[in-house]
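Both complexes shown next keep chain A, but they swap its partner, so chain B is in the first and chain C is in the second.
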Partner chain A sequence: MHRVLLICAVLCSAACPLAAVAQDLRVPASVTAGDDVTIPTTGSGKATFYLVGPGVSRKSEVSLGEEIRLQGQELWNAGDYLVLVCSDICNSGTFYVTAAKPASFAFLVHPSRVPVGQSDAVSGVAFPFDQFRNLVLTPVTVSFQLTAGNKPLFSKQVRTENGAAWFRTASGKSAGLLQVVASLDDLSAKRAVQQVASDPCNLRITGQRIPIGVLVQTEPVHDCAGNVVPDGTIVTFSATEANGKSTVDAPIKQGIARAQIEATGATVVSVASGVVMGNELRIGAKP
Partner chain B sequence: MNVVFNFAGWLRRGMCLAVVFTSLCGFVLSAHGADSAVQVQLDTKKANPRAVESLTERGILRDYRFAWTSIAQAFELNSLDSLEGAFAGDAKQILRGTVLSQQRSGFTRQYLNQNHRLEAVFYAPEGDVMELHDTAEYELRITDGGKIIHDEHVVMHFVVLMTPGADRWVIRRLQAVPQS
Partner chain C sequence: MKFILPISLVVATAALMVLGLFIGGQARGTVGIAAGSAVYTPKADNAEQALKNLLADVQRRNWDRALAAVSKSSATDKESFIQEWTGSNGSLRSFSALEGFESRPLHITPDEAQIRVRLHWATPVGPLEDVRDFRLIREGDVWKTVLPKIQVPNVPAQVIPVTYLRWDLVSGGAADEWGSRNVDAPHVRIISMNAVDSAEGAVVMGEIVNEDTVPAFVNVNATLVDSAGSAIDDETSFDKINHVLLPKQVSPYRIDFPNISLKNVKSVRMDEKATLVPASADPVIGVMNQKIESDVQGKSVLHGDLFNQSGQTVNISHVIVSFYDNNAKVIWVADGYEDHALLPQSSEPFAVEIPKSVAPKVQNFHVVVDQYSLGRS
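This part shows the complex of A and B:
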């Protein structure tokens, strides 16, 4: 009977080969990325060592009773690492590698081009990373500064939460380059946002009859803050005469939009850009 | 004596049946684990400063599930092909490094019976990056030369950075962290 029990026990242990695995190695609880680590072992003879972590899958032979040395370059990536030492049975241990101190930023700023005078129009997000490109989750204070020309526009210090710091603010009053800087200790990252004029304001046209119709043009187009509306902005001219209506879209060039409209009778010309309407111009019939 | 003999026979048959049953159960569970889909639940209530739109939520669920299916395949088959599409930047580089070093070492990892509870904690104002926290449960099995050397049910916490690509959300950072 004992022999039968012994055979069954052997069969059972063959069917459950992991029953003897649940022993722990003495591994450090936490390691900073890039640091060397030593793991002591006990016993004698040879064993197979496995290191299973992010970016690393190492298998090597080790001598029990000696320390296992993990090079810092094997531990660059933050995350969980599993250590296995297998001889007759496998002993296991896990530890975490955490990010080192911040060494760079991922800094996203939007948009790249923004109309002036818009609320909540400019935003930025900063993620600090260590020298091994691990996300630094320990809270740090990031300073955001926005300057237009030499004038400070916005400044805020933000503590990272879950590794992220962000801001959102209004665009400035003047067209031109907006410098956006995120800094942390001696680290900084710069981005630029082009501030452009907002919608045209006080759109006015002048015109005259020419042999082939009517020539109309805007006065220099500005927004309400006096910024020149950028070239390429479309201005729509509409000419209405007794026998119909025609429409011409013209881009602003050097601050002025111009169009020739074929019209022989008395004509009323109106102008619009986006949702902004301008004045109406009445031009008499061709003599 | 007869009673003892009968008892021994009963015990022998019982033990052997138990062994066979255990082996069969192990095989069935293993096969089920390899084939079962990755389960992902997403909670976006805490996302700020931008709220997560329902279409985005569906995209994140779909693409995060695909990403973990890809990781499981890549690590089980030691294949780099599976990593195409779901990852970018550092995450892709680290996962490729993992597979390449597994190829050199000759062992494989399996992530079985995956269940991910995903929580969006940060969604950038312009919607160009999202940070998620994942509490993942799975069976981690490490096999070397056809022999299982480690098999453990683990609960892991991941910090995940995802960004929108041309037609999907991709993982740019996947970093395991200790439970806080």
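This part shows the complex of A and C:
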């Protein structure tokens, strides 16, 4: 609708013979969103005034020779505006409304969970907005800070380009909460990324014979950085004996995965978690 | 004139209703019997007919007459006989119906017979087939079926401590600031893929792993693409996958493309989808005594026992197996449903058939068990 009006207004303006101007419009080149604006006119008599812009279109009667007053609430949305004054002839002018100073910003951080020790694994982007939700395109400086526990991991000040400031960095070495803070003047937004243990490392099992077979369990399962692998992670135990194979997918509980396997003969037990293999264990036949 | 049509419709309806009553009376004799192969005859003067009578009564749930056709020498009682055929503990069998059967005598003498029966079950997970051998003996002038002792798992009263472990999801409210409380979907990865031609069509199979630290509901889709870059067909793994993968768990998947040959296929587009779901780490089901053997029909079958290591009943278990060749490549994925419930701390046997063309190449296999328990998600 706005575009249609704009096109109509431009066509109308073009059709008006500007050479015979009895009135003159002096519009400001740039206006800040939400600010009041006055447009002086020349000439005399009544005229029809049109305002066409993003989210606004207005027609009113004005007296030539007096100022045309535009309320700030008509100019909340950033973008190109067209003003048109028509009496016997039409005269027009355009101005651009820019975003006001940042009043809030959207801050997106990805991912929400990340394994430790991954390069370029955490990224974030901030978009400053003014109080009227216009994207602030004027460059501003956003400060990004990453802390794990109380230990600062990363800090960077970034100027926005085309309304966006972003960072990318590696995940930390310890599992736990990674706090990501973006700040701009007195504004700040906080996000959290869960740093989780990476793949199990040095997966080792111990076992013993019990009356109904063998009982095998892992030593506490850690990743290569020493972080405890989360409970619920599946560890697959495979027991191979002369007359067959048995497998159990057991979850880690309280740091240890445990399984009982029916096996009476000499048994070789192997262990894996995802695509990571552990040691092999040989258990003699039931006496 | 205008009453002719309504009157003729009423007359025709009445005539059809009367006809239906008579025809319905005759049809009752063959309800539920596949291909009309088994019609009950009061006196079974041969072994095959005696077994058909027994199975026809089982279909109709006429337990007293079915038990009358069972030899007194059988080590079974009415309760366990009914339980054997109708299932218990919310097992797959208890949601199934015997749709039909085909019998084939293996060995018959004047006093004893061995008959192989292929039982066709209609179940919530699709039609299932079960092959059983029955022994019959002549008692006087009638043949009766000898049933072996039915092993009903007897779980002693006990307390099984379980360290409770599950994942719950908390969704953010609508009023949350944009981007402030996002939780990413789990990260899963296809670790192997193989496409082969089978008798029924093209098959795409492999394995997928949940690399994340949270449970994932997983589905694998495949699109076959021809040399012009156009999609030929698009299918999903449906139930040939363990959908709920716990962290670091690996599942086989198989996607069937019926009536499509790989010779028309230039490439395969794979697409794995994972969603964060609430899940529980229990029950743990062990797969014991796995071995490949030939069954009575000479087919290669992977046998084993499912052992429920937890303290809760698993109503329906689904076994999915990936078979590898000597290069550790997945050459087939097969599955099967266990029709008996898995009671706590008890075992049930399972068997999964391996196609003839694949069996000689199988060097190793990996079994996973998907499970469904009533009253739990």
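Keep in mind that, in the parts below, the second predicted complex is superposed on the first by the 247 of 287 C-alpha atoms of A that agree within 3 Å, B and C clash if a C-alpha of one lies under 4 Å from a C-alpha of the other, contacts with A are read in each partner's own complex, and residues count from 1 in each chain.
By our rule, a residue touches a chain if its C-beta (ideal position, glycine included) is under 8 Å from a C-beta of that chain, and two chains touch if they have at least 3 such contacts.
Since this is a predicted model, take the numbers as computed values, not measurements.
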| item | value |
| --- | --- |
| First, second, both or neither for A:L64, with chain B first and chain C second | neither |
| Partner chain(s) touched by A:I261 [first = chain B, second = chain C, both, neither] | second |
| Which of chain B and chain C A:P54 touches, first, second, both or neither | first |
| First (chain B), second (chain C), both or neither touched by A:H110 | both |
| Chain B versus chain C as contact partner of A:S30, first or second or both or neither | first |
| Which of chain B and chain C A:C201 touches, first, second, both or neither | neither |
| First, second, both or neither for A:A225, with chain B first and chain C second | neither |
| Chain C-contacting residues of chain A that also contact chain B | 108, 110-111 |
| Chain B - residues contacting chain A, complex | 4, 8, 11-12, 15-16, 18-19, 22-23, 26, 49, 90, 93-95, 97-98, 101-102, 104-107, 109, 121-122, 124-126, 128-129, 131, 133, 140, 142, 144, 147-152, 156, 159, 161, 173-178 |
| Residues of chain A that touch chain B when the two form their complex | 1, 4-5, 8, 11-12, 15-18, 21, 30, 48, 50, 52, 54-59, 77-80, 82, 84, 86, 90, 92, 96, 98, 108, 110-111, 120, 123, 125, 127, 133-135, 137, 161-164, 166, 168 |
| Residue numbers on chain C that touch chain A, as the complex places them | 163, 165, 167, 177-180, 182-184, 191, 209-215, 246-250, 281-282, 284-291, 304-305, 307, 309, 366-369 |
| Residue ranges of chain A in contact with chain C within the complex | 106-113, 189, 191, 196-197, 199-200, 230-236, 243-251, 253-254, 259-262, 273-276 |
